Amino acid sequence: MKAVEEKKTSTERDKKETILSVRNLVTKFYTEEGVVEALEGINFEVKKGEIYSLVGETGCGKSVTVKSILGLLERTGKVESGEAIFYRSSTLDRPVDLLSIKESRIRKIRGKDITYIPQDPSSSLNPVYTIKNQLLEIIRPHSDISKKEALEKAKELLEEVDLAPPENYLSKYPFQLSGGQKQRIIIAMALATEPSLIIADEPSTALDVTVEAKVLDLMEELIASHDTSLILITHNLGVVAQISDRIGIMYAGRVIEVASTENIFYKPYHPYTFGLLKSVPSIKKREKELDFVKGLVPDLYDPPSGCRFHPRCEYQTDVCKEKKPPYEEVEPGHNVACYYSKEVKKDRREEDL
Amino acid sequence: MPKYERLSPEELEVYEEFKRKENQKIGAVFLVVVFVFILTKWFLLTRGNIDSILLRYIGVGAYLLFFYFFLKNIYRWYSDVNYRYRANPIKRFFNRFYKNKLAVFGLFVAITIIILAVFAPMLAPYNVDNYQSSWTKFSMIPPTKRHVFGATNAGADLFSLCLYGARIALTFGIGVTAIGVSIGIVLGLIAGYYGGWIDRFLQYLNDVVMAFPFLVLVITVMGALLANPALRESVTQIGNFLNVPGKLFIAFVALSLFGWTGAYRLIRGKVFSVREEEYIDAAKSLGASNRVIMTKHILRNSLTPVIVQASISVGGYIITAASLTFLGLGANPSIPSWGRLLSQGNAYVTQLRYFHLTLFPGLFLTMTVLAFTTLGDGLRDALDPTMRRNDQ
Amino acid sequence: MVNKEYILKRLGLAVLVMFGVYTIGFTLTFVAPGNPAQAALGQKANKEAVEALEEQWGLNEPLPVQYKNYLINFINLDWGESFRYRGESVTGILASRYPKTMYYAVWSLVFAIVMSIPLGLIAAYKQNTWVDNLSVLVSQVGISIPNFWLGMLIIAILAVWLDLISVVPDVPTGSLWSFPGFFTHVTDYFGIIITLGTALMARNTRMTRSSTLDVLSEEYITMARAKGLKERTVVLKHALRNALIPVVTSIGFNLLLLFGGAVVVETVFGLNGIGKLYIDSIIRRDYPIIIALLLTYTIGVVFVNLIIDISYSVIDPRVQLR
């Protein structure tokens, strides 16, 4: 937990300016088998220069959240309501709502001010074009530089992500590179336009553990040196503890708890977060069996009423079944959506995480 | 408790009531139709008027009505409360299938054609036994009230001939498919199971057969079988033994000989991919014999693509058989077939007043093929929407 | 940048397949004699004359010897003379028939590709809209309609009723492959081009549509959109090229379909191309022509497939690895 302690200064960043604020984002998927209520009101904010992590189990809507914001949902998906205000558009001087502006406008923000690092590097590069082609494709349309300058820029970028000499990589096709190399190229693409926000969707899941560590270190370093913000999506608590400043815990289409990394790990207020942390193996405790959150992720075709966590929750009462718990600030900068956060606080003391 | 029974008791009651009503409705319609049908027939018979035109219209109307209610009912059964039934694959299949209008149309036409073929002797208004006989006053008449499709140059009723033509087309389409798929499955299993040189040889044979256009290969075989007296005689003998006219049987053999490649490729590919799956290792470690693995795991897994392939290839074989007869190489001229009628139409294609000879048999042929193609497509989409389209 | 070993392997395989085609063709013709010499001389010809002719054609040799002789002669480009057209060389007959069929086959292929790729692409891009439904309907009907009936409909409607085209194009073969003739004679062959092209167009539309659907759900398409590229660039640059891969691969198969179609459709349009020639030769047991046609056509298809394979690496760089 050393990494967490190093982040203690992160509360200072709370005062920094917000660059993206997502409010009540609701997304549904209209499939032929019924309606999937994927997101039921997402709320979070990303501040300048911070690494913000969205953590949750598979299928809780992490990827859907970012795809909704970027307008990259597949055909069946539809953003029903909500707003995602982006404050740092380089083409417009005012804050823009990414969910309501025109497709032609969001295209100028996507790839320029907000870039995206997808989950699987192998399938995210087009197999029939060279790396050079795919790098120039993002550099040139977003800036007025000549082809030669763009090429120079591409070389710089490749060096920055430790792919040297760049000439070796520019003329290659994706199938000639390893998974780690491809992910570095995608990171280079994400940095190419000096964005103010990068969104990374499980950037390291498809990689080997050793490569994963290197890629994460690289990303942390580059985020700091380029002074951008990062939204990191992951299900891996280890990754989160290592690099993020603030964390949002997601469950079944809702962000249920947001706090600084330190607070999430030491002072959770939501029963789900609490249970999740108990399930992390620890050398200190040396228990025979790990604790785990009982039950399964709910079926989003027919989600539970009220608080979607209630069927699995130890603290549940009737009110949980009837009404969605409001989103409350329990400590400065620490928001929780639960009726029983105080009880969790009490139990947490006894358990001593 | 299975997921799809999650209806509350009240809902269930409403649903049961709804189903009961629908069943009563379809039963009532059916009874009324049968009653009207019998009554009309009795009425016509007692008046000594055997003219069946009215009866025919009523029959067609009754059939359409019945089919409509049948489809509507099944659709309601399976899709009205669909999203609670999501977990049940059979209901999901029906739900998907009935959403595909082309596929439902295909099913309707395919069933109709099968019924027409089976009951052709009862449904055909005229006898076609001697349809080639002589030049009569009905020769080449355009469609009239009595001859709804007109008549051929020998004065035979085209509508009756078209009905009989369905028999030969379906025999070819379904028969050749059945034989081809059976041979293909066996060869595919052999290739996949033994591997080695047997597999290489069969693969080579497949490549060679695929290097020919199917029709060209079949024509060449037909030419050989017809030209060699000894061969022709022996095949005809087998045909006679099976009570099938000689030339027809020769065409049947020629098509069946090479109809196996599609199913063969599917099964062989499946054997090779399934062999790598972990559950086969698991089954083996539990002591399952090779025979069990072949039949239980591989065949069951390949059933879906084979059914789809078969349904689509029925149409292809119908076209091939019709092309053969059109060229004068297929079934015996004495057997009424669409290809034969069309070759007659082709002789008069430049005279528009004889256009009915081209139009109606061709429509029958195209609709039948279209039915099986769309049906196969619908089956594929409904059975496995992720299945890659095997377009060749 | 093309792997030589790969091409050699492909060539070897092609030769093997050709050998198989020859064996099947030989078996199906020479084993079923049908007495071509008698047929050529007429029923009344005396026995000596028939035997003399059989000897001249080498039909009195044992079958294995004939099998070997014919193959050697074929490789030496000595294809003999036709049984049916006495005194005419097979080479001459093929040379007079091939240009016609190839002319409209090329145009049918062009028609099919020009129609199908945009249709399939738009249909997949606008999945479940009316364009898509139309493309599905068109391709289903196009696959299901027997080409000879379509030909008859086109003759009856376009040629006879509306009098827009001529039924039997009467064009000297030489001018088909000359510069302006190649383009101006399209109208003469319009009927047969559409007839043969429809089936191909239907198949290719279906294939383009389904491969585009597959490609559009790929991650790299999402990535291209995330880069802020224009929708047109996403579709025309990133989706189209990947979607075309299976379509281009199937051009060889398209040629086979064209040959199969020509056999029937030339009868309908009364054209003397290789399709009609093949049917006549089968019925009249004209072995040299049957074998020569089968082999030349297979060589053509194999050759086209090879060219496609070689030029393939332009579309799909991954091929180099094989």
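A, B and C label the chains in the order they appear, each numbered from 1.
We adopt the following convention: contacts are C-beta pairs under 8 Å (C-beta built on N, C-alpha and C of every residue); 3 or more make two chains touch, one makes a residue touch a chain.
Small disclaimer: the values here were computed from a predicted structure and weren't measured.
Chain centre most remote from that of subunit C: A (centre = mean of CA atoms). The leading chain pair by number of C-beta pairs in contact is B-C. Centres computed as Cα averages put subunit B at a distance of 28 Å from subunit C. The centroid of the Cα atoms in subunit A and the matching centroid in subunit C are 54 Å apart. The distance from the centre of subunit A to the centre of subunit B, with each centre set as the mean of the Cα atoms, comes to 53 Å. Within the complex, the subunit C residues that touch subunit B are 13, 16-18, 20-21, 24-25, 27-29, 31-34, 136-137, 140-141, 143-146, 148-149, 152-153, 155-156, 159-161, 167, 203, 206-207, 210, 214, 246, 250, 253, 256-257, 259-260, 263-264, 267-268, 278-279, 282-283, 285, 290, 294, 298, 301-302.
Across the interface of their complex, subunit C is touched by residues 102, 204-205, 207-208, 211-217, 219-225, 227-228, 231, 315, 319, 322-323, 326-327, 329, 342, 345-346, 349-352, 355, 358, 362, 365-366, 369-370, 373-374, 377, 388-389, 391-392 of subunit B.
Listed in rising order, the residues of subunit C touching subunit A in the complex are 127, 217-220, 222-231, 233, 238, 241-242, 315-318, 321. Listing the residues of subunit A that touch subunit C in their complex gives 67, 70, 72, 74-75, 103, 107-112, 115-116, 118-120, 123-129, 137-138, 141-142, 173, 175, 186, 189.
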